[in-house]
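The chains carry the letters A, B, C and D, assigned in the order they are written, with residues numbered from 1 in each.
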Amino acid sequence: MADARSLGIFERMILIRRFEEAVYDFHQQKLFSGHYHLYIGQEATGAAVMASLGTEDRIFSTHRNHGHLIARGADPKAALAEILSRADGTNGGRGGTFHLSAPDLGMPHTSALVGGAVPLAAGAGFAAKIAKSGGIGVSMFGDGCFEEGVVYETLNLSRLWKLPVIFVCENNTPGAVLKSAGGNNTSNLPEGRVIATPRALGIESHEVDGGDVEAVDALFTDCAERCRRTGEPIFIEALSERWPGNFYSYPDMVTGTTDMSMAWNDAGIGGEHEAWYREQDPVLRFARTLIAGGHATADDIAAIDAKATRVIAEARDFALKSPTPGTQTVQAHVLAGRV
Amino acid sequence: MADARSLGIFERMILIRRFEEAVYDFHQQKLFSGHYHLYIGQEATGAAVMASLGTEDRIFSTHRNHGHLIARGADPKAALAEILSRADGTNGGRGGTFHLSAPDLGMPHTSALVGGAVPLAAGAGFAAKIAKSGGIGVSMFGDGCFEEGVVYETLNLSRLWKLPVIFVCENNTPGAVLKSAGGNNTSNLPEGRVIATPRALGIESHEVDGGDVEAVDALFTDCAERCRRTGEPIFIEALSERWPGNFYSYPDMVTGTTDMSMAWNDAGIGGEHEAWYREQDPVLRFARTLIAGGHATADDIAAIDAKATRVIAEARDFALKSPTPGTQTVQAHVLAGRV
Amino acid sequence: MRTISHAEALAEAVCECMAEDPKVTLVWGSLMGVGGGNEHVNRIKSEFADRIFHPPISEAAICAIATGAAMDGVRTVFPIGTASFMFRAWDQIVHEAGAAHYMSNGRVTAPVVFHVVHGLRGGGSVQHSQSPQSMLWNAPGIEIAIPSCPADAKGLMRTAIKSDNPTVFIDHQKLNRRTGEVPEGPYDIPFGVADIKREGRDVTIVAASLQVVQALEAAEALAADGIEAEIVDLRSLVPLDEEAILKSVEKTGRLVVADECPPRCSVASEVISVVAEKGMDLLKAPPKRVNRMPVHVPSNTDLEDFVGPGPARIEAAARAVCG
Amino acid sequence: MRTISHAEALAEAVCECMAEDPKVTLVWGSLMGVGGGNEHVNRIKSEFADRIFHPPISEAAICAIATGAAMDGVRTVFPIGTASFMFRAWDQIVHEAGAAHYMSNGRVTAPVVFHVVHGLRGGGSVQHSQSPQSMLWNAPGIEIAIPSCPADAKGLMRTAIKSDNPTVFIDHQKLNRRTGEVPEGPYDIPFGVADIKREGRDVTIVAASLQVVQALEAAEALAADGIEAEIVDLRSLVPLDEEAILKSVEKTGRLVVADECPPRCSVASEVISVVAEKGMDLLKAPPKRVNRMPVHVPSNTDLEDFVGPGPARIEAAARAVCG
């Protein structure tokens, strides 16, 4: 893995982490209401997947979409403004945390309904097939989607119609990695693995440690190339250790604001979440890998983090300054071309 | 297999065949309109399955329900009257061919929507579990149901909640038996077998030649006993040769009115559908088995057929004489206990 | 002018649009019941084979896949078949297709056409006789076309395919084989423009789909007694031509709405409340709705005819508001 | 009288019914947002553990399984959660649960309760703010309960569970934590009986759910200017208490309907057309509906408040029909 590529991925990962810390802070300050979901703990998967995607590709995300947008290169300013549903937000303040999107970056629509975006991504593959654009559709979704029938239908259809789409199931079930040994690895599939269903439908299927950047990048690069070439769907189950702060509707920053120095100085590491800091946090984990592999020094990492922190600080100011959308336009865009 | 049991099953099979021939004739005479579906070619499965079910069990069927009702012991008079949507029909003339039901026989509701009845049958298992009735739910459904997500959801739920239900998928895809060797055995599942999906969900799954009465009876007897004992769901794929007259919306009696004597006198057998008469027609096939096994003589078979033919003739008269339901009651029973 | 069937007119519209625009695709179940033999069906099958997809029985996924493709400018026509089947995809149609444009603040469009066959078809029974138009009309972001004759069917289908919005195109089983004069060559009929199918001074009958045909029949009987009914064919519900409705009621002072949905929150409820809110003073008598009775549709065709709106009930309602 | 929250009243009703009838089961997502701590929730969890089922994210199958079980007399309460999710089960609710009794000619019943939380919740955005009541009301065979206060919530939930019909019980996110006086001990409130939440001579405001609370607020402001509004809380849509509506309109001669559904084919459309058909002569002025605007619900809460009905818009409409 070339330095530039791996450092690029790492930059996105730390940017996602700092972004999500800002989102959490905004919610604590009651700057936006309702439940919301953070991507902390899954940064390696999103950042590595996006590294192999081009402008002609389309990505569809879920209620846990923030990290996917940042990984794809969306402007944290507009993204954070959308978290606050402000006028300068990615959706003009109409979508909020559930629906961040970036049509200009090939992320046209984000569904907050479980399994809602999976067939839409297959549709992007359908469009690429018709337009012969060379692009592929990518669905980033959670393990819970395997409880929704429409996802099963979509897997079957993508195989039947030969749609160029890659289904990336981010399995963050508590203990997913351990359970992948064979037990129940999603809360509501009593037996087998979510991967058993796409396999049963004859879809090329892989599993990977979603916390291992290099593993995800290597697998996805290969899959993306094959998907473009053959036009056939591929399924990937990315198993990630669930971030201890990921609770059902409201996250809790139990692991605190990330201290990057833990990557090279473990003196302060301990307590209830020691395993998280030492082995599981994908950002710290990749930082250690980069240092160990001689791709970066502790100072390089610190500098990248400082830059990300600065970018997010600017984005916070931007979002907070952005006005609330005017009521006079609230009826616009219900139907295209009609007022 | 005891004589009484096998002869009982055969009686139901020939009764179904004569019933369906009458339905076809009624439609040819334009006595009822709209598309409809016959059970011809699948009699062995329905008749053998019902042989192991008791009063506490519940069976839910589909648009292809006629045979299931007759196999369960419904009165051909009321069933044929319902085909004509007459007042004395099983549903008082409100359901017609799509919705024949027999609540008094544990067949409360028949859905004509693909996959509609599969979760309802699981619900009967749910009720049996709550009421500790010792009964089980049985879903008789077609292979096309594996294209509907709700069926996948139901399989998962039945396993998750441990519901005593047996899913009997009657796979009548053209060439299903041949294709079961490994190829595509349902028109719209590109790979693998429908059985692969329940297996992926960890459900005990079996396949059987749906045209072989003894095989279906042996398997289902065993499964029903185990389902009652363990309360766990079981899946059975019954592969049957598709009757040549089974076309999408309107059947065609291409094989003519069944001539039972073909079971013991093959002199007249030939032509385009020779394979149907010699090997595939489950009624002729079981008649030959009974004779070969010494369970019945040709005369016994002829006598059973004569009786069935007489019963259906009476049912035809009954149905034709039954009045059309009065319009004054058409608004009744939209809501229970309200007029 | 040549005379062709409603279904043929639709096949012609779809064929023309596929020829005009290489991004128009068709999910091929049966094209609104047009058999082979039809030249347009044959042309679609031969010339556009690579843009036809055979559907498994997966309404939800197909509607959403077509929607996702639409976001990338691929316009898919998906004949779902019987309107009832559409309820399997209700979430995908209402929450994804219907919401994409608004949620993106106008940057994304979802030009997809869902074609369904609604209504009392003669033995469709409880689960194959659904009229989904009123439920759909309650959902923002979806255009609804609902023709009553072959000429309108063609022009509206062309508009539906070219529209940048998701459109639900609602046909009636009993219209499919009806024939009518259809102009040669391509033409579009804009949404939101009602058509006065019959002029009259005494009573306004607002209808759509098969109910227009039934209203015309009722109008003949009424005319025999000197009651001249004016028939407003809505042709599209979204957008709605409120002006045409109010203008006619202004002229006649009396209103009947014929609609195959059950009464509660129906198309008839909506039309009547529009008039009550915006034109109550125009009414010389209380308006009347003629809906399918508030029951499921029984399989018995005598009962089916009895519970449906229909010439006799429409006529009786018109007499009542005039008397 | 004791004061408890709307959610607690519901938990109490469910707990009582589970204690009274061993065939009442609960599919346990989160019980209408009642946390642990609550005595009834704890009792349900401990005493009736074998009748609680944890739901996977499979709305369609669960609704149908509960319906199938209901046909055998097992009464399941399934809190689906946000009303939007119900669209995943639209076919199963409308075509199976709602049709079973009619299709069987009255021999089969499907006593099941689907509980949903509708409406503008404060940041629910486009896909989590659905109000499905008008779409549901168009479907025959389903009872619809829609309370506005804790006392009604309890009595209506008990009736829903005991009803032999499928019932959709519609709550509002913003009602869940509101408190109110609730009588001790079990009591049922029959469906089809509206409640006059405020008497008044000048204008009738028909509402349900949170809109009753908003109407009461509007009424205070109106009273300050001597306009006395009468507030008719429908409490159930199926069956509908038409008599109460007409009686009030007869008294006031003026009508406003407040409803969180988008306008087209909404609850407001239905109420207005009932009055237009059966009581037009009672109206001294054209009626007015106050609906959620015909848009999706934006996540920005200022915009959300703006598009919703609400005290200000209800008040303005009342002044308009009175002025």
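In this section, a contact is a pair of C-beta atoms (placed from the backbone, for glycine too) under 8 Å apart; a residue touches a chain by one contact, two chains touch by 3 or more.
Predicted model, so just to flag it, every value in this text is computed and none were measured.
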Greatest separation from subunit C - chain, by CA centre: A
Pair of chains joined by more contacts [C-beta pairs], B-C or B-D: B-D
Centroid distance [mean C-alpha coordinates] between subunit D and subunit C, Å: 31
Rounded Å distance between subunit A and subunit B, as computed from the means of their C-alpha atoms: 48
Between subunit D and subunit B, distance of the C-alpha-averaged centres to the nearest whole Å: 41
Cα-centroid distance, subunit B relative to subunit C, in whole angstrom: 37
Sequence positions of subunit B contacting 2 or more other chains: 91, 93-95, 99, 111, 113, 116, 147-150, 153, 156, 160, 188-189, 334
Sites on subunit C at which at least two other chains make contact: 56, 58, 60-61, 84, 88, 91, 95, 102-103, 126-127, 140-141, 238, 294-296
Residue ranges of subunit D in contact with subunit B within the complex: 23, 25, 51, 53, 56, 58, 60-62, 64-74, 76, 91-92, 95-96, 100-109, 140-141, 143, 163-165, 238-239
Contact footprint of subunit C on subunit B as seen in their complex: 32-34, 85-86, 91, 93-99, 111-116, 144-145, 147-150, 187-189, 324-325, 327, 330-331, 334
Subunit A to subunit B touching residues, read off their complex: 147-153, 156, 159-160, 188-192, 196-197, 199-203
Touching residues (chain side subunit B, partner subunit D) in the complex: 58, 60, 91-95, 99, 101, 103-104, 108-109, 111, 113, 116, 119-124, 126-128, 130-131, 137, 149-150, 153-154, 156-157, 160-161, 163, 332-338
Subunit C residues within the subunit B interface of the complex: 54-58, 60-61, 84-85, 88, 121-128, 293-296, 298-303, 306-307
